[in-house]
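All chains are identified by letter, namely A, B, C and D, in their written order; residue positions are counted from 1 within each chain.
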Amino acid sequence: MSNQHQTSGISRRSLLRFGATVGVTAPLLAACSQSTTGAKSGGGTVNLLSTQHTPTTEADAFRQILKQADSSLSVNFTPGEASPTISQIQAQVQANNVKTNAFLGTHGDLATLGPNMLEDVTSLIGELGSAGFSADNLTLTKLGTSKNYYVPVEQATYVLAVNKKALDWLPSGADVNSLTYDQLLAWMQAGKAANGGKPIFGLPAGPKGLLHRFTQGYLYPSFTGGLVTTFKSADAVTAWQYFKNLWSVTAPSSTNVDFMQDPLSAGQVLVGWDHVARLVNAPKDKPDDWLMVPAPKGPKGRGYLAILNGVGIVKGSPDQDRTKQLIKDLVKPEVQLSIVRQLAFFPTVKATLPSDLPPAVRLESDAVTKTQSGGMLSLPSVGMGANDAKFTKVFQDCFTGIVLNNADIQQTLTTQGQTMQQLITDSKAPCWVPDPKSSGPCQVG
Amino acid sequence: MVATEVRPARRSALGRAAAPYALLLPSVLFMLALFGWPVISAVQQAFTGTHGGATQNWHDMVAEPHFWQSVRNTLLLVVVLIPVQFVLAVAMALLLRERLPGRGFYFYVWSVPLAVSDLAAGLVWLSIFTDNGYLNSALGWFGVNPVEWLSYQNASTMFLAVFLAELWRATSLVLIILVSGMQMMPRDYEEAAEVFGASFWQRLRHVTLPLMRPSIQVALILRTILAFQAFAVAQALTGNEFPLLVGQTYLWFAGLNDPHVASAVALVVLGVSMLTAIGYLVMLRRPDRSQGGER
Amino acid sequence: MSIAPPAPPAPPAPPEAPAVAAEPLPPVDRRPLRRRRMIRAGQQVAAIALTLFMGVPVYLIALAAFSSRAELNRFPKALWPRDVSIDTMRTFLHSTGVVPSFINSVEVGIATLIVSLLIGAPAGYAIARYAFRGRDGYQLFLLTARSLPVVVLSIPLATMFLRLNIYDSVLAVTLVHAVLALPTTVLITASVFVAVPAELEEAGMVFGCTRFGAFRKVVLPLSVPGVAASSIFTFVLSWNEVLAAAILTLNNRTLPAQVLTTLPYSPVEFRFAGGFAMVVPSLVFILLMRRYLTNMWGATIR
Amino acid sequence: MAEIRVRNLVKLYPGQRSRANDDISLDVADGEFLVLLGPSGCGKTTLLRMVAGLELPTDGQVVIGRRDVTYLPPRERRLSMVFQSYAVFPHKRVRDNIGFGLAMRGAPRSTIRQKVEWAADLLRLTEFLDRYPAQLSGGQRQRVAVARAIVVEADVLLMDEPLSNLDALLRLSFRAELKKLVGELGTTTLYVTHDQVEALSLGDRVAVMRDGRVEQVADPMSVYDRPASVFVGGFLGSPPMNFISGSVHAEPDGGVRFGLDGAAIPAPRALASYADRPLRLGVRAESIALADAQADGAVPTTVQVFEPLGSATLLTVDLAGQQVKVQASASYRADPGDRVWLSIMEEHQRWFDAETSLALDVDTPLATAPT
């Protein structure tokens, strides 16, 4: 075959060969990729995406729990970082080619997906009426609407982990199980002084840390009795003043700490506040060296934040009855108990905690029950939808300004208050616990 | 193929002039097919917003407290780091050419950081600089009490830590490009320069570096663009205390679920990278290719 | 034509047998030799110092990856393997999806290499050989892919691949990685093709190759260092790329997508184990490619 | 201007078994033009590079003028060099290329400009001064390299096969130009080539080298006419010198004849002492006379090949089993198979010991033992 006209040196034969190689490699690549979720992909499998249980050991533990719960159901459990996971679901729904059946995430993640990405599960909640979900949790699952959009499967809260070594500097007369914030401050000041100026208290202020939950769910309710309605009140100013004093006895390396269990188990700090699942590894090696105590009380009482994880069905996903089966399995009492035993997330259904819990989890469950009794519950933002993250950012910016950069407290709260008001009005979100109910959008007070 | 090909005596002028474009076509089509629409939709996103007019996103971007600090940090990192990196990479390339014993091993170790992803690199240097890290341990062995390198209170040691980590991570990129460029350079020119009285520095300035201009230009462009993308290492070391421009993109996109402002920041990054690339292309234009046309 | 000496010109009066030998020879001056040895010693010290700066961190992550949990929490840490344990690494490697994702990553890496070279090298050649209008414009166009943070393209990319129904496959990730790798491939191969003398290639064509044949038979073999350099970048880029892989895959994840997204949330010892596991394959790849990268020590000795 | 003295120079490249330069001692007088001639791989370029300082000797000494420069870096030896590959800087204009040496030594701009114009004029490069080397032909680039070398008043000028990359015609014209140029400058020059015509035409003296050693150093005529060894004779001249093997024996009448099987050639009387030892007779093709049968001392041969070469003819004949090349006049005709009688006059005979292949010191005045 002699090709007469040589097009610019690229003979047709070599173009053919190039096309052939690409043609061959493409299907080959598509076909022989390895499934990385331990389950056969394809029909009859529930693809469960998740922003929870991402650490490798936790992910495998959760896969075991699912397998034991219902061996007939094959589940692809794919944990990952929030942003790529949520983007994936958004893309699938937009392209109406949904491959993900279910999504396990925090209330915030589920709020970001929102009603137009999640199926209405009110009927499923009805079927599970007997499981005993708490009323507050069910309000949360409505995402500010009248229907439920996910089923609560795990809940948790935040406690204080205390290395018993720190008890030497506990102010006399203070009961570690019902501290006040002032006693905590005095305690930590004494600890720092006795430790050659090296703070013994730590907070998760890193990029992936949950410090903003401390401000929203603990400082504000305990000092002001509310959140949005008392955002820039006089009590709020005292709360931030307290926070500055507390920060002066907090380890500066906290600005790069995401999980308190790391510095605690390394002995860098002795006392730390964090999410129960992010403290559980601290006492793992030597449980009897540790104490888990509820968060302190402020002038307005012991504010605490209940964190809720739930599973939603992705809108337009196939095999929805198989997904419902998965959710039913997850809310079975024995599955809930294996979750608390292995993952330190507490049941959302009525289930008596067994006595043989691992020591660290046992410590945490006592602290949780003490926190709930007589505590002032507050919930993460309700009805803020996609603005939930920006709402949280207001508190993060306040912390950076007031605590790290010593900006004027009242002035920062006023400016940040305007941003918050804009966000709430845009989302038309009525007030939520701990603020009193409001008819229209919640007003920043 | 037995029959000898009878090629037309003179290929049409079009054939010869079109040659470069034909060679470029596959890459242009490939880029447009895959990234065309996504880039367009990203640009669109930057100018549409849930609330407010087209400039609302840009206003929000600038209003973010850390924005200007991240711009300053990114430029600081680029302006300070890249010159030092080039001096180091040229020195390393010249050392390799000296054929010291063990040079094969040296070159391997010097190109290893290229293989380390920036997440892993962040981890490595975190293990060194963190309060109970290896550096403080080493100091401890010598009786020096530990220093809080990464604490937000001492900004200078924080910048030094990020600077060293980025220097470690990204110098291999420049080194490998310079080395592969240096391969082709015959030694005659330098020998001639030496015979005619040029000292080491004169040889470097008048002969070696000018001859490595194509590689230097490529290394500069690629390194600068990647420098604007640097973010994971700084975040691993300092959390949000040393914010960088691309970090803002992640903050808006992943943190605040606002792809519109994220796209705006992304366009800023794109714009600045393009400006520097154009600058390099103009600055390092090759005068001796002035004969033009096909060589 | 017999070469006889030209009619013997009246030989210029050759200077009579040089009587220069009479003068005594100066002694051999060894000072420059000592200076040269000192310079070489200095160079060796500098090379060792640089090797320590570049090598020690990798040693440390290896040390951390194989230290026990207790050792990692201890202060001051030992800079030598004092309390080694491989259970962290073992649990990490046995956790679900790590080995399959490793295979996927290797597949993606090599496929990206092939695709980006097939598409990029000719373009690099064009930039090196031709000074055509729009040459700089083309290079800038290429660079847009690398200078725009990929994160903002994630949703449009994902939707596009979903519509093309090649979502959640090694092919999808390969295509995106190839686009990301294209700028480096084109620019680096161009910077080396420029150095291949055009005369050699024209000689190739005189002997009957087409321009493409000359490219394949003459230019490509000569510019192996450039091709090797660009393939190292491409493989390493694809190997370490996290975001596109995480967004475009679900069950067939690459190693970074499987591991790196969860690393920041895992406890400290897993982060080091994961980080180190990510580094080892690239170390091996660079070791393999290093020989092709430079023929410097084989430089022609006249 | 200075003389070059090389003493016992040895160079062994790492990893090589044989020495590139094996104990070479050589002198180049002040202002002399010495050519290093030899096949490729004989070590001539290595020797030049060691004089230039681009290679360090394993042993021995190099002295320029009254200064030992053995280990001195090239830039401190005050020499200039023309490279085989020209090594003209592609990124500098011709003007900057030529003035490079002066600029490096910090000469004032005005002197540089004035000297560059002088050199450019000398080598007819004036109109190319502002061009780039890539725009010049090979010959022009070579001229730039030469201009660059001569503009720097160096003590020594080194040239490494400067003409080998030029096409045949250009080489011829540039050779004459180069000879005139270097003659006018009068700089001590060391010139390396593998082309014997260049060596003979350019050199005041020629050093023929082989396997890292100097076989013979002498003026062009002696090297051509009085080769010190079979190698030198065979290397110079085209066709190379004929070598006929045999041995001499004394004649009853006191004369000496060189016996081949079936023939004998009269030989000088002084060879009597070499009777019955294997010798080799060297004779140039143009020095062999074609004689008729009866001439005294003529020997019979049969013609194998007849080559008309235009200005002469070349016969390849069989003399007692050995091939000999004979050059005859342009009009001479012969056919393969003819019988032809040759006679070799005594003054054209060169005698070599068969084992050592070195020239014998026959009492004819010109014979010189190799230094």
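By definition in this document, a contact is a pair of C-beta atoms (placed from the backbone, for glycine too) under 8 Å apart; a residue touches a chain by one contact, two chains touch by 3 or more.
No experiment lies behind these values; they were computed from the predicted model shown.
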Checklist line | For chain D, the least number of touch steps when starting out from chain A | finding: 2
Item checked: Both-way neighbours, i.e. chains that touch chain D and touch chain B -> C
Check: From the centre of chain D, which chain's CA centre is farthest?
Finding: A
Next item on the list: Counting C-beta pairs in contact, pick out the pair of chains that comes out on top.
Entry: B-C
Item checked: Chain closest to the assembly centre - both centres taken as Cα means -> C
Item checked: CA centroid of chain C to CA centroid of chain D, Å -> 49
Notebook entry, point to check: Quick one: chain A and chain C, Cα centre-to-centre, how many Å?
Noted result: 41
Checklist line | Cα-centroid distance, chain B relative to chain C, in whole angstrom | finding: 14
Checklist line | Rounded Å distance, chain A centre to chain B centre (Cα mean) | finding: 36
Next item on the list: Can you tell me which residues of chain A touch two or more of the remaining chains?
Entry: 6, 8-10, 81, 83-84, 266
Check: What residues in chain B touch two or more of the other chains?
Finding: 7, 19, 23, 132, 250, 253-254
Next item on the list: Identify all positions of chain C at which a residue touches two or more other chains, and write them in rising order.
Entry: 73, 75, 118, 122, 151, 154-155, 210-211, 264
Next item on the list: Write out all the pairs of touching chains, ordered by chain label.
Entry: A-B, A-C, B-C, B-D, C-D
Notebook entry, point to check: Within the complex, which stretch of chain B touches chain D?
Noted result: 186, 188-189, 191-199, 202, 206-207, 210-211, 213, 286-288, 290-291
Notebook entry, point to check: Quick one: in the complex, what on chain C touches chain D?
Noted result: 1-6, 8, 11-12, 14-15, 18, 20-21, 23, 25-33, 36, 301-302
Item checked: chain D - residues contacting chain C, complex -> 3, 5, 7, 13, 27-32, 45, 49, 56, 61, 63, 66-73, 76, 196-197, 200-201, 204-205, 219-221, 224, 237-239, 285-286, 309-312, 314, 327
Checklist line | Of all residues in chain D, those that touch chain B in their complex | finding: 52-54, 73-75, 79-81, 83, 85, 87, 89-92, 100-101, 104-105, 132, 134-135, 148, 152, 158
Check: Touching chain B in the complex: which residues of chain A?
Finding: 1-10, 81-84, 86, 112, 205-207, 252-253, 255-256, 266, 268, 386, 388-390, 393, 397, 400-401, 404, 426
